[in-house]
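Each of the next two complexes has subunit A plus one other chain: subunit B in the first, subunit C in the second.
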Partner chain A sequence: MKRDISIETRALRRVFKGVPGAGDVVALDSVDLAIEEGEIFGLLGPNGAGKTTMIKILATLLLPTSGEAYVKGLEVSKNASKVRKIINLVSGGETPGYGILSVKENLWFFSQLYGLSRQGANERIKNLVTQLGLDNYIDTRMSKLSTGYKQRLNLARGFINNPSVVFLDEPTLGLDVLSAKQLRTMIKSWMTDGTKTVLLTTHYMAEADEMCNRVGIIDQGRILACDTPQKLKAKIASRPSWKIEVTPNIQELDTLKTVPGVIGVSEVSNIETGTSTLKLVLEDESVMSDLLSTINRNGSRVLNMGKSEPTLEDVYINLVGKGLQ
Partner chain B sequence: MAVADFLKSARESFWVGWKVESNWADPVLFATYRIVQPLASLLIVAFIVIIGASTGTGLQRDYLARLIVSTAFFVYVAQITTNMGWLVHTDRSRYEVLKNIYISPGTLHPYIIGRGLVSVVNATISVIVTLLFSIAVFNGILNLGIPINLLSVNLLLLVPTVLLGVSGLIAVGYMLSAINIVSNRLEFILGESLAGIFFLLGGVIFPVTALPSQVQPLSAILPITYFLDAVRDSFGLGTTGSALLDLGYLFLTTVGIGIFAYAVYRKAELRAKRLGLFDRKSEY
Partner chain C sequence: MTLVSPTLRDEITANMRAAKARMWVRIKGGNRELTHYIAEVVLPVLTIGAYVILYKTLGLPPSLGAAVIIGGAMIAFWTNILWNMSAQWFWEKEMGNLEMYMVAPVSRMSVLLGMAMGGAINTSLRATGIILLGVFVFQVPFQVHDLLVAGLVFLLTVISLYGLGMVFASLYMLYGREAWHTNMLLQEPVFFLSGSYFPTIYVSVIPVWLQVTATLIPMTVGLDAIRRVTIQGQGLMAVWPHILALIAFIAILIPVARMALNYMENLGKREGRLTLRWQ
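Moving on, here comes the complex of A and B:
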């Protein structure tokens, strides 16, 4: 069954004036996206890729330089006031709210900006507070909450108007493991009736993999690939992806990249053990011998190696040629 | 946006502002703030009394009466402009709520008005305190016999005057909010400086006709000038001749500044959407 499109962009472009002397920044470059009703769509990309810019345009905070953006068929820059009734936005790492007010008072304030009835607002606040594990803090001043709980409050606020479309800009940024998990559970349970849509940005691979029906990989303002996590991974499954553990942990990734047949490399180094785990995407296995000799020439020893199940990270390395850090 | 929804948002913004701005957490600070203004007004009047005495011009009781009333009601101007001049800055940088308020159905309009009304209520308390305080000191303690009779105030004139006056001041607050959305670092000086300029141009200490002729046109388009004129009229201390005319001018200039403020706001809003400023963090 073909579902309705909830969010759509057509040749969306946004250029920012650079600092004097430097050139302009192309934050979004001709982005075409179509997100269906009922989807959790993930925009995955490194810092500066253009994720926040995309969300700000869709949330009526920013005008595009050219192109169009639609929410539920409404062009956002022309129908901002209609769009605002059906959307909300949560920016991770921000803790909007008045410290002197309690959790409940903060949520109440926002509920009234959306014109909720007294009863409707109280019910929603109660539900959200329960779902996000804030029950015991409902009358606590926001200033007394830990950062994790402030962020939970921020999330509750983002759902206060029961929006049909929610934009979550790196919602788990800086969140502790438990809060992040609770957040994911909450979003999923909120999605169950099939009429809601989430556009989520993240630079955590695992999060995109776990949460999203589809993922768009974005880098330097361009969508490089867009599909379900499974299909994205399947596309590269024919290309072996390797994990190689080496010591010492200093690798010159650039020299590894010049080895013919190496598509991409990323590295996670462990300072304590003095080792590095390299992730490599290779054209085929014949590249391996060249690669190992290059590693030797760099003065490193291979401790461990093996083929790995493709992950979204491999997809990313495949497309961008480097890891997502 | 439906009127009912607008009022709901404005009312809630008012309560939030009431709690946040009134600083109940620190009653000493709150009381100090409410009393500083009356004291300042008192000092101005006392200073002029002393000058009068030392230059041998003697006590000009009518003038002092006008001065006490003018400085007291000028508290509206000072507090509303100053407080509203800070609104966007604190709520964008410190509380990080501005963009979330902006993307709600009413955008910033009900919120700015609701928050402006907090200043109106707070200022009203200060105005009354200032007035009573001044009368108590100059007539009660010092027994100067200044002709202010609170019982004979023309409320039929004073009430619409204050309503129009604070509307014009909220419009000024709108303008300041708009400027703060798009500009950087002006919030530190804008509100206070404007209040200072209004003090000079509004005819608080000396009549507008005593101003240099180059700046008189500025006074003539400011609702604050007519606001203070009409307030003095209500106390039977008018000097302009016709109270109704003052009220009429107050109405016209208030509408004028309202339209102007709205235009400034729309321009700032567009610029903020072009540059992405609703969530800008300050650089200091």
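Moving on, here comes the complex of A and C:
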């Protein structure tokens, strides 16, 4: 059965004026996207890729330079007030609210911006507080909460109007592992009726892989690939992914990229052990000997190596030629 | 058949709820510490005292002392409007709240209205304190003959002042530190022009052009009217032009605030700095 389209963009483009002297910044460049009802869609890309710009346009906070953006069939730049009734937005790392109000009072306040009745508000607040593990803090002033709990409060706010479409901009940014897990569970249970849609952005590969039905990989304002994590990974399965542990870390990562047959490489260094892990996507295995001698010439020693199951990170390296970090 | 369609009714209900909630936050925030309240009542009374004593020493009529007390009370409103109303969107932006207001479906005017109502209530509590303390300490004469007209004049003055505050708030929405300087610039001249400490209109020593300029500030008109009905015991016959002027201020300022708000919001959305901080 084909589901209804919930979020759609057509040739969406946004240009920002650059700083004086520098050129303009193309934050989004002809983005075509269609997200169905019931999907958790992830926009995955590095800092500056255009993720927040995309979210802001869809959430009525920014106008596109050209192109169109629709939420539930409503063109967002022309129907801002209608769109605002059915959406909500959470920007990770932000902690809106009033410090002098308790968790419950803050949530009540947010509910009034959507005109909820007393009973309706109380019910939603009770639910959200439980789902986000805020029960013990319901009467605590926001100013007394830890950053993590303030963020939970912000997440609760994002669902206060029971929106049809939720935009989560890096929702787990700075969130501890437990809170992040709780958020994932909460979103999944909230999505069960099949009419809700989530568009989230992240630069955490694992998060996109675990949470999202579909992922769009975005870099420099363009969507480079868009599919389920499984299919994205399957597409590159023919190209071997290798994990190589070296010491000391590679100084000139670019020299590895110049080895013919190397499609992309990323490096994660461990300062404590003085080692670093290279992730490489190769044309085929024959590249290996060239690669190893280049590593050697860089003055690094291989400690460990092995083939790895393709991850979304490998997909990204495949497309962009470098890692996300 | 009903006059108001169900969707419109829902819309109105939602906006009223938002305004009420914002008012409640402001009242709660403004009155959480008794010490603040006391400071905000006692400090103005000290300034007022300086003028009252000066006027007494000069042998001026005691009614001038009463005029200064009223002026001091109204200054509390002007300060509240400049620092808590005009700068409010700026504060909300710094706190990360502006985005939350912008994605919500209720009108930003309702939010401003809530801020204004909360601010007016908070400041009325202070103004009352200032007047009571002033009268008690300096023993100046007040005489009110028409309580209804006095109430009306006061109410219209406060509404027009907060209307002006709403215009400022909208204009300041996209600005950061610059708003500060504008506030500083507006504070003292308005105290002076509006005649908070001495009358500036209907007095011959002030040049006519300055008097005319002064009447463009709702505070000047309101202050003169309030003094007439509370000190000189005058009634509707004396202050009906003031009442009409105040109504005109309100009729102009509120739509202008709405237009400014829409304009600034659109500008922000176009330039990409609607909710940007540190600009």
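Definition applied: the second predicted complex is superposed on the first by the 323 of 325 C-alpha atoms of A that agree within 3 Å, B and C clash if a C-alpha of one lies under 4 Å from a C-alpha of the other, contacts with A are read in each partner's own complex, and residues count from 1 in each chain.
Here is the rule we use: a residue touches a chain if its C-beta (ideal position, glycine included) is under 8 Å from a C-beta of that chain, and two chains touch if they have at least 3 such contacts.
Only a predicted model underlies this, so the values are computations on that prediction, with no experimental measurement involved.
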{"item": "Clash or fit (per the criteria above) of subunit B with subunit C on subunit A", "value": "clash"}
{"item": "Partner chain in contact with A:Y98 - subunit B first, subunit C second, else both or neither", "value": "both"}
{"item": "Subunit B versus subunit C as contact partner of A:K279, first or second or both or neither", "value": "neither"}
{"item": "Partner chain in contact with A:R152 - subunit B first, subunit C second, else both or neither", "value": "neither"}
{"item": "Contacts of A:N88 with subunit B and subunit C, given as first, second, both or neither", "value": "both"}
{"item": "Touching both subunit B and subunit C, residues of subunit A", "value": "16, 59-63, 81, 84-85, 87-89, 91, 94-98, 100-101, 108-110, 112-115, 157"}
{"item": "Of subunit C, residues touching subunit A in the complex", "value": "10, 13-15, 17-18, 20-22, 24-25, 28-29, 32, 95-97, 99-106, 111, 266, 269-272, 274-275"}
{"item": "For the subunit A and subunit C complex, residues of the former touching the latter", "value": "14, 16-17, 59-63, 81, 84-85, 87-89, 91, 94-98, 100-101, 108-110, 112-116, 157"}
{"item": "Residue numbers on subunit A that touch subunit B, as the complex places them", "value": "16, 53, 56, 59-63, 81, 84-85, 87-89, 91, 94-101, 105, 108-110, 112-115, 157, 161"}
{"item": "Contact set on subunit B toward subunit A in their complex", "value": "1-2, 4-5, 8-9, 11-13, 15-16, 19-20, 24-25, 95-97, 99-107, 110-111, 273-274, 276, 278-279"}
